[in-house]
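Take a look at the structures below.
In the two complexes that follow, subunit A is the common piece, with subunit B as its partner first and subunit C second.
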Partner chain A sequence: MVLSMFDWWRSLSKRRKVRFWRGASYVLFAVLAVGFVVAVDWGRVGDTMFRADLVADQFPDILLIAAKNTIIYTILGFIGGLLIGLMLALMRLSQSKPFRWVSAIYIDVVRGIPLLVWILLIGLGIPIALGIRVPTTYGPGALALSIVVGAYMAETIRAGIEAVDRGQMEAARSLGMSYSKAMIWIILPQAFRLMIPPLTNEFILLLKDTSLVSAIGVTVTSKELTRWGRDGVIHSANATPLVVAGLVYLLLTIPMTRAVAQLEKKAAQSK
Partner chain B sequence: MKRMPVLLLLVLALALVATACSSGGDATLVAEGKLTICSESPYEPFEFEDPSAPSGYSGFDIELMDAIAGELELELVVANTPFDGIWLQPAAGACDVVASAMTITEERAANALFSDPYYNAAQSLMVLAANDGATLADLGGMKIGVQVGTTGEAYADENKPEGAELVSFDEGAALFLALEAGTVDAILQDLPVNFARAEQDANFVVAETYNTEEQYGFGLALDNEGLASDINDALKSLKDAGTYGDLHEKYFGVRGE
Partner chain C sequence: MTKAIEIRDLHKSFGDLEVLRGIDFEVEVGEVVCVIGPSGSGKSTLLRCVNRLEEPTSGTILIEGEDITDPDTDTDDVRRRIGMVFQRFNLFNHMTVLDNVMIAQRKVLGRSKSEAEKIGMENLERVGVAEKADQFPRRLSGGQQQRVAMARALSMDPDMMLFDEATSALDPELVGEVLGVMRSLAEEGMTMLVVTHEIGFAKGVADRVVFMDDGVVIEDGPPSKVLVDPDHARTRNFLRMVLEGE
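Presenting the complex of A and B:
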């Protein structure tokens, strides 16, 4: 019996073997899917994770307060990160050894420590060490995000600059442009075009990472989406607010993810 | 046909999430022979890490719970759990009992079964030593640090003066750092916790106390009445034997009742 199955298997062509495995995986997935639908207590899921009245309760404040704050943190962190990242990338590519070292050390140190630790260190550590309070409600969180995101973006920006054809810089220099002029007017505009998809991905990652800024304290008006959802869970003893917060994240991230996919497709075609 | 596996993968991922979420049941104990408690540590003097203790944690709650576990001939296991929504954990099957300096409130009692009260607590305002003598009423325009989901947060929200702003933190441990850092001007939380900190650290003082007549209780799943009555019996016999009084004296200087 076993032997005959073995013979049968060996008699199959490569293409039929591939089709066999594909069919087997469809069956497996279908079984799992049906098992899932049957196993889940949908009534209980509805009651504890998606209660209609609690869904309605979240609006409009979840958008006007929580999503707004998530977006503000993201935009502030992104702009700050872009400036820091650009500076680090240019330092990394410069002729000066100390500049290259400082940039390399910054990038390694910042990327080597989790964001949550940085947020606590910057939000609570800097005031203790230096006696300086970062002003405004969004200040400490946005600063921490910028410092960390800058390190990640530096590598993206450097790769973008390096991807621009060397001949562009040489041509610009031979026309009498200075290095910095050529960088600003010739190289960076082309590099940023290449960087749009990876930077959009950074933006999406950052948008989700803003959930960590609540570790250094939030006020009623500075709550972002995750904190909003968690507070809602405490007050309603129900997971619905967190589920709704998750859906609002999707509402923000999916259009961007789709846009990146389109951009990447376009870039691939134009090559 | 090309799209099928992606869709199915998604369903599979959802299935994994759902099974992870919908665990739990009607067992009296989540682990055989063990009393598993959810507790947010550090929250001195109620819970803190202690490598020399068998459970890895010590404090008034932990030692009392350990004694109760001893009465019930069970082994104590501590699960360090964030405080926000901690009273929902037994119903989710994460532990048998919440022992985390938790005040008995109506809101919480709607979703958790409480044991008899085991500690009388109050709220208090902590400020930097330089601002000793400050009262809650003085804090107009200032920032008051609280922990999310605590009775201190609720008290501060109801009684804060005009213009004062509440800054809520995910965990109690960050509160003292924030006061030290000056990102908040005061902390409003349970008196014994502020008091224990002020004793250890000359930078901080307890400026005001509020007699809220709060009582701590152990929280269980609503349907776990059997374990609740076992715990109440054990608590009573520990009180009768003087073990409770000894513990109370060890942590708070007086014997309590």
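Presenting the complex of A and C:
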């Protein structure tokens, strides 16, 4: 019996073997999915994670306050990160050894410590230890995000600058432009064009990372999505607010992810 | 009268490799000097030292009497007076042709937009690509791109022009249009230092031809002498190989 099955298997062509395995995995997935659907108590899940009245309660404030704040943190962190990253990248490419060193150390130190620790340090640690508080509601979170995102962007920006043909700098210099003029007018505009897809990716990652800002004290009007969802869960003893917050994140990230894919496709074509 | 370019005992090494091993020569104002020689002979490096795109290891270079190897020299100001045309054109790809010829006028010379545009268009006309002013460089043929590169350099009103194998990256049928512009520039009296493989151009246009090999100047004289009856066997061998190829 075993032997004849073995013979039957060996008699199959390679294509039929592939088809067999594919069929087998479909069956396996179907069994797991059906098992999941049957095993889960859907009434209970609906009540605790997606209760209609609680979903309705979230709107419109989850969009007008929480999503708005998430976007504000993202934009502030992105702009700050871009400025810090650009400065670090230029320092890294500079002729001056001390500049290169400072930049390298900054990048290693900042990337070697978790973002949450930076957020806690700036939003909580430093105010308590030194009595210094970064002003404005968004200040501490935005600063922490900028510091860390800047360190990650530095490498992206440096790679972008280095990807611009060396002849461009030589041509600019040969016309009498100083290094900084050549950078500003000739190299950076071309470098940023190359960096649009990776920078958009950074933007999406940052949008999700703003959720860590929820760890430091916020007022009712400065809650971002994660804090909104978390507080909602505690308040209502129901998971619905967090589930809705998750869906709002998707609403923001999926179009952007699609856009990056398009940008990358376009960039690949124009090469 | 001060010389346009005066080079004394110029040495240049890349690490252990000595590319220029004591170069002496000069270019008079209004003179057209062609530098020929096998690849790797150091002629491009020589040209790039003249506007300090390469840092000379030792020796002096005087541009219009000013020592540009002096650390106090304003290299940007020296480069402004020396136009350079590259083998690979190096047009600014993110700008239109007109912006290419305007940007340095605006940012370096501080010319107004209308003045820079006027001068830029004049030079585009001079090289015969004015009708491409609104196009982006990538839409242009190699020959057109190289002529735009010349207009870009000329718009800075340079005292002299350097050509670094300006026709080597071109399809054969496009070489003529670029050499034509170079020829008319020479006729207008522009001081030109031309690194080239085009022996015919050197013969017809150059006042002097310099033959370089292995980092030194082997021969320096009028084309009728250097290209027809050279003193050195190395020059004769080189010319034979180049002319056979043509």
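Assume the second predicted complex is superposed on the first by the 237 of 271 C-alpha atoms of A that agree within 3 Å, B and C clash if a C-alpha of one lies under 4 Å from a C-alpha of the other, contacts with A are read in each partner's own complex, and residues count from 1 in each chain.
By our rule, a residue touches a chain if its C-beta (ideal position, glycine included) is under 8 Å from a C-beta of that chain, and two chains touch if they have at least 3 such contacts.
Every value quoted in this text rests on a predicted model; they were computed, and no experiment measured them.
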item: Combined model on subunit A where subunit B meets subunit C, clash or fit; value: fit
item: First, second, both or neither for A:168, with subunit B first and subunit C second; value: second
item: First, second, both or neither for A:5, with subunit B first and subunit C second; value: neither
item: Partner chain in contact with A:189 - subunit B first, subunit C second, else both or neither; value: second
item: Vertex subunit A; arms to subunit B and subunit C (CA centroids, nearest 10 degrees); value: 150
item: Partner chain in contact with A:219 - subunit B first, subunit C second, else both or neither; value: first
item: Which of subunit B and subunit C A:181 touches, first, second, both or neither; value: second
item: Which of subunit B and subunit C A:268 touches, first, second, both or neither; value: neither
item: More subunit A residues in contact - subunit B or subunit C; value: B
item: Nearest Cα pair across subunit B and subunit C, whole Å; value: 37
item: Contact residues common to both interfaces of subunit A (with subunit B and with subunit C); value: none
item: Subunit A contact footprint on subunit C (complex, rising order); value: 51, 53, 76-77, 79-84, 86, 88, 90-94, 103-104, 107-108, 149, 152-153, 156
item: In the complex, subunit B residues that touch subunit A; value: 4-5, 8-9, 11-12, 14-15, 18-19, 21-22, 84-85, 88, 107, 110-111, 143, 145, 148-149, 165-171, 174, 177-178, 180-184
item: Partner subunit B, residues of subunit A touching it in the complex; value: 25-26, 29-30, 32-33, 35-36, 39-41, 44-45, 49, 120, 123-125, 127-128, 131, 133, 140, 214-220, 230-231, 233-235, 237
item: Interface residues, subunit A side, partner subunit C - complex; value: 165, 167-168, 170-178, 181, 185-186, 189-190, 193
